[in-house]
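Have a look at these structures, which come just after this line.
Both of the next two complexes hold chain A, though its partner changes from chain B to chain C.
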Partner chain A sequence: MTQSKKILIADDEPNIVISLEFLMKREGFDVSIAGDGEEAIAKIRSDSPDLVLLDVMMPKKSGFDVCQEVKGDPALSATRILMLTAKGRDTEMAKGLALGADAYMTKPFSTKELVDRVHELLGLNA
Partner chain B sequence: MLSSSVIVGASFAYLVVLFGVALYGDRRADAGRSLISNPWVYALSLAVYCTAWTYYGSVGRAATSGLGFLPVYLGPTLVMGVSWLVLLKMVRISKAYRITSIADFIASRYGKSRLLASMVTLVAVIGIVPYIALQLKAVSSEYGLLTGAHPGSSGDWYRDTALYMALVLAAFTMIFGTRHLDATERHEGMVAAIAFESIVKLIAFLAVGVVATYFIFDGWEDLFVRAAISPDLSSLLSLDVAGSKADWFALTVLSALAFLMLPRQFQIAVVENVDERHLKRATWLFPLYLLLINIFVLPIALGGMLRFPSDVIDPDSFVLTLPLAEGYSTLTLLAFIGGLSAATSMVIVETIALSTMVCNDLVMPLLLSSPRFRRWAPHDLTGLLLLIRRGAIVVILLLGYLYFRLAGQAYALVSIGLISFAAVVQFAPALLGGMYWRGATRNGAVAGLAAGFGVWLYTLLLPSFAKSGWLPMAFVESGVFGIELLMPEKLFGFGDVNATTHALFWSMFANIGAFVAVSLWRPPTAVEAGQASVFVDILKREPRGAARFWRGQAKIDDLLALLARFLGAERVRVNFSAYAHSQGVEQIEDLQADGDLVHFAETQLAGAIGSVSARVMIASVVQEETLGIEEVMNILDEASQVRAYSRELEEKSQALQAATEDLRAANERLQELDRVKDDFMSSVTHELRTPLTSIRAFSELLLDDPKIDLAERKRFLGIIVEETERLTRLVNQVLDLAKIESGHAQWHDTDVDLIDLIEHVATTAGQLVRNRQAELALVLPPAVTVLRVDRDRLIQVLTNLIGNAARFVPEHEGVVRVVLSESETGVRVDVCDNGPGIPQDAQGEIFEKFRQASGSGGKPTGTGLGLPISREIIEHFGGTLWVTSEPGHGAVFSFELPQKLAVSASEMGEPT
Partner chain C sequence: MSPKNRLLVSVALVCAWLLIVVGVCGWVVWVDLSPDEREALVPIISPRGALLGAMLVMAMAVSAIVLRDLHRRYVAVPARLAEDGRTLLKAEPTRRLTADGNAETCAFVDIINALADQRQSLQDDVEVRVADARRSVEEEKNRLGALMSELTQSVVVCNLDGRILLYNNRARLQFRAMSDAPGAAGGGELIGLGRSIYAVMDRHLIAHALENIQHRLRKSAAQPVTNFVTTTRAGQLLRVQMAPVLGVAPEDGADRPVSGFILMLDNITRTIENEARRDEILHTLTEGNRASLANVRAAAEMLDFPDLDDELRTRFRGVIRDEVKAMSDRLDHSASAFADSLKARWQLEDMLGADLVAAAQRRIESRLSLRTKIEEVDEALWVKVDSFSLLQAVTYLASRLSDEFEIRELRFRLVSAGRLVHLDLIWSGQAMSTETVMNWELEPMRFAGENSPLTVRDVIERHDGEMWLEREKVKHRAFFRLVLPSATPQEEVTSDVYLKGDSRPEYYDFDLFSWSERNHEHDDQLLSELAYTVFDTETTGLNPSQGDEIIQIGATRILNGKLLQGDGFEQLVDPKRSLPPESTKIHGISPEMLVGQPDITKVLPALHAFAADTVLVAHNAAFDMRFLQLKEEVTGMKFDHPVLDTLLLSAIIHPNQDSHRLEAIAERFGVTVIGRHTAMGDAIVTAEVFLKMIPLLAEKGVRTLGEAREAAQKTYYARLKY
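Then we have the complex of A and B:
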């Protein structure tokens, strides 16, 4: 690893944020945090993270809206998005992927699996 | 002048052509390629309405009264306008029951009454024979005018053209009117000839009109300008001379009814109708014909008056004299042929119609009911029938000729046109009333006809005789026995209108009055009720409906033998075979001799000898039970019940449709509820997964890495415990809400003093407030009414509200105030905070499940079920829970419990 990848955690559940932050930092990523959708967009624009762990149910702007905005903006097209949702329905997953999310995981997730998916998305294990 | 040989030759040639057309029509009919099954022919044949009287007389009338000739054509135009209403019904009834004449129609309606049949026939003969005489006179006098011979009655009878004309017409009518006996009484060749004659008279009249207007004069304008400056004629151009409004109205009504009631019109419009759809075309075509044949009436009249200023020329003959005087001899001849065609067409059809009536409705019923005749009659009666018909034709035509010879130029002949009309319209109340009014009875019809005919006789016919010099004028001028009220043309002092209007008014008054009064006097008999329903409901019901009223026993051989006597064995077998096939039976012998068959046989017979005679004959070969009025009424009731059932069925199917609609709506509501439930489940899932996510993540982190330092480890374990508590709380609240909503919650009501309760909650829930370094203030009155409620549930509500407030107040300077108050309506608690407040549009949402307002610290930590549960609890006690808030100025959650929860004084002391 020549340069640590930047990861943005966007979730409104403080405890989940704490766990994700710990997990990502342990993997050696550079972590920033957003508590709602608007903040997430702002951080994506300012920090240009390599990957966003994006919760769907957030105040102000939902994860779907954030995803759509990011994927619709050519300047941000390099940003990988891994969507996380506690709503486990198939339609939710289909919607997320249709909007251009790169991966989709339901909560509660296995920390190991999550880490694997993050590495995979960032092309680190390939 | 034209030479008589030219005129006679042309007339003869014309009649030969007419024979040819009729013969061709019959040939085509025999070959099965009907010439007359065509709406144009039907409409043209209706123009038999235009007789010599109108051909010559319209111009004469226009010469004295301007537009006064018009109502005679307005009436029929109006009738055709509503043909789908009246004429269609008459056609359909007549086709279904093989009606052969207007007498047959009326008699059949009133229970196949012999009396009525013969009355109608007599009235028709008396009213119409003079009208036939008028046609003979018209031709004869115009012939005389053209040849210069003495017109009319003088001279030797054997040199009288009218006699020969009568004889020629009798021959024609016999040949084409009684060629064979048919079960339909239709005469295709004759109808073809009549349609042809309508064309001839129209062309002739138009030709005269065009020549008079554009050749003799310089067009319409020239004629009207000249007329306008002539002192004698200018008055014709105004409506003043055209008669009063009452006379116009009366004449329109008279001609409208006559158009339906004249035997020849009934014959052509109803009996000879091939296809009722032809009526549709005739509805506009016939009025168009009337318009065309009338368009030049006024110009010819004005032209004649201008050309012959002195009164020597009778205006009635302008059609001939105008072209003749100007030297158009060929045109004059054409005009004469036109007049001849108008006269002959009327005479032919009228004679056929009258002879059918005389034979079927007068002579045959008499013969058939005579036992002596039955003994002596030959087996095959067809020859006898034809003989009677032919005899009737000759007698009627000779009567017409005789009347012409006797009356000559007398007033009684000249004015017979409208007098005839007035006679036949006496049929109108019985006929039209019978088609629309079930309550009309035979006695009513007889009374009406007798009364109307009597008045007609007294007010029109007798005065016309008097004016002809055949009766003393005294009774006309001063009334019978000198009683002025009985003056025939000023009955009861009503005399401001012309004689025809006067007679029409009084005769219709008497006719309709007697018809209605006598009909109402007694209810209809069984037979009358049966026929009434058949006639009135013809447009709704199967035509064979009449068969339902027959009860009895019949033998098919008897019926076959009977019909063979009148129609010929061959024809009868053919007809019965066709009927058998229509019933799905191979052999005639296999047919069931039931009511339908008897009705079929009777209808076949009626087509040949009329319904009255047919009834007599059928009754003689079958054994019939007489139906009582009650039975007939039962049958009718059944029919109306069937109709009622079908209506009910219709209503039910509509109800079913409505129910289906309701079901669909209910289903949609259910699906909507499902969606809501789905949303709820989805929310619950989300709320459950969220803490589980944290618990699993931290557990895995701790499990993976035992070397995490102690402080971190403690923090993670704390989060796990916190999230587990949250999970527990959530599960409890979901269950709680489900219990309350489904009504399965347990309520333990006790006497609760809210002051105590608030103080108690302040100590427990106060901790939540103090955790955020906020202040909890209580504002309590000295005492409030004790309420009977569930204490624990109220603690739950208050704890929830205070907990919510605590979460949203700013740290360090937060204030939560709990205010208790009481009013007449109830006891009220307000929980106020100084937090961020709640936007207006979110104030409703926060009471919905899993909807949370965002607190100051980002994510609210509640479950999203606290407020919905609190509201359910308060509403359980009949109270209300609501929020008032202005963003930036905190929020106030309030609830009020109603006074009716108050514990009454007597209960207060009792232990609970």
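Then we have the complex of A and C:
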């Protein structure tokens, strides 16, 4: 690992952010945090993270909107997006993937699986 | 030429004749005289010219008086008798002419009256026979009516125009629930004979459903019915089943044409609401908890890492505590808020508690030969039960008691306990252990030849109920208490539906089937075939433009020449102003009666809907219409219906009568006046009078709506302004 990869956690619930932050830092990533959709977009533009852990249900802008905006912007489209959601329906998963999310995980998820997916998306072999 | 003009012309002619006779006589005498005689005569005559003139005028006056008397005897009296006679002939066969005028006329009147008597007795005879013949038809109709009113489903039958021909009481109640009109009109403006079903349902939807049915009929489907769900204007959800009404098969052996349709309606708004709530619970319990679970799981998994410092460890534990508490709260909230929706998965029926106990008694006595008795039964209680399985459970418990404890009698008690009902099975004798009872509860019910896979517990759970054993030590008795859900008493057929008349309400009119062929251009329609709304208003005074307001509206409907007794609109109206005490003397409405009544902006839309697609009829309609029209702006309701005025129509029929007041007309037509000066009372009198007028108008060549309007405009009274 030459340079640590940057990860943005976009979720409005501090109770999950605390775990995700600890987990990602522990994996050696450079972690930043956004509490709502607009902040997420702003941080994606300013920090250009390699991967975003994106919650669907967020204030101001939903995860779907953020995903669509990022994937629609050629400058940002390389950003990997892993959507995390409490919506368990197939239709919503299909929507997330259709809007360009690279992966989609339904809450509750196993943290180990999450770490594996993050590695996989960043092309790192754990 | 009117009789009055004829009199004037006759007098003028007689006067002219007198002048001519006197003039000619004078001239002949003058010509015959010799010049001497003329000279002698002039001095005698000329001073007396005035006297001669006066005598001539007197002769004229005497002739005029004689003529007037003759006119009265030989023209005016016969003219009035002719009008009365026409009424007798066309409208009021019990009416008799009053003898008047000279002896010959009187004799003539007597003969006419004798003929009328004769006709009356013949007619009575015919009517008896017709009534006999009609009775059997009526019986069949009544049988159908009774069947319809017993149905627990709403049924509405319409012709192809969407006009309602028949409906049952359940439908009426359902439409009333859907109506947003106030008070007495509620529902009446939506359902009624001859009203359009399209007021409640989308026209295209019905057309589409009819098409489906036609299609199925062509394919000779066994059941040419179709189902759909629709929303009403008031936002209610209706599940509708539609079936065709088939007409008579044509001669050439082709298929029977569809002449109308039957709609069976279910209001499923409540069901859908329940389902929606159930969905909501599922949602909060699944999706709502996913996020929390994710937080807990992640935090718990973090705790496994050995390299965690104490502060983080405390924070993760905090997360777990918070989230678990949040999930518990959510669960509690769902469980209490949606408790009602979670129940009643089983099809439970409402049953009168006393009926349930009676059924249990019969069953136990016949199956088990065990004596039963009623200790206490609340007759007013309704329970929500699956009666078959519950009776099975009760009988099963009784059989175990009888077999294993040899009880000799089982008593029933049914009492209310808040929203629940206690059904107790009481016996006296030795005590049993609670464990024994638990076993009975959990074993499949097998007794007296019945073999059910269900246990008593299953049955109790099915009712969302409970069951336990209790002992009354003092009395050496014990009882099983079954706790069951209570039901709200089933709506009885509300009495006010029948209040309007002592006969059965007119819920059907099959004559409407033939409407579709008729011309819909109102002006060319025959008066006898139109639908009418006959109405009257009571007001604070006579000057709407100076602030007088409507305080009561009464309206009734006429359809196919019949007054619909059960189909009325009666509503008091808050005038939003003071009520002059002198007006109270006329209509008997006091200010207290108007407190809390809807105002005109609420009532006129309901009246408008009630009068949809009909011709308005009122006595002195100009007065009432003025009140309605002045409110057009406030209510947005334009009363642009065709209007007929019985006052003007009376003037067309009876130009020689002195009075065209409603009482006078009613008296002429033999209409009994009851409750005058209530809006509804006057509306009904007006309607009955109007029905009598239709044949008399036809006599005068006034047959269609257009002709009636034209004739009314010509009469003198039409020029009165209000």
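Basically, the second predicted complex is superposed on the first by the 125 of 126 C-alpha atoms of A that agree within 3 Å, B and C clash if a C-alpha of one lies under 4 Å from a C-alpha of the other, contacts with A are read in each partner's own complex, and residues count from 1 in each chain.
Keep in mind that, in the parts below, a contact is a pair of C-beta atoms (placed from the backbone, for glycine too) under 8 Å apart; a residue touches a chain by one contact, two chains touch by 3 or more.
Just so it is clear, the structure is predicted and the values come from calculations on it, not from any experiment.
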item	value
First (chain B), second (chain C), both or neither touched by A:Glu13	both
Which of chain B and chain C A:Asp50 touches, first, second, both or neither	neither
Partner chain(s) touched by A:Pro108 [first = chain B, second = chain C, both, neither]	both
Touching partner for A:Leu23 - first (chain B), second (chain C), both, neither	both
Residues of chain A at both interfaces, chain B in one complex, chain C in the other	13, 15-16, 18-20, 22-23, 26, 57, 86-88, 106-112
In the complex with chain A, residue positions of chain B that touch it	682, 685-687, 689-698, 700-701, 704-705, 719, 722-723, 854, 858-859
Of chain C, residues touching chain A in the complex	286-288, 290-291, 293-299, 301-302, 305, 307-308, 312, 315-316, 319, 322-323
Residue ranges of chain A touching chain C (in the complex, touch as defined)	13, 15-16, 18-20, 22-23, 26, 57, 84, 86-88, 106-112
Residue numbers on chain A that touch chain B, as the complex places them	12-16, 18-20, 22-23, 26, 35-36, 57, 59, 86-89, 106-112
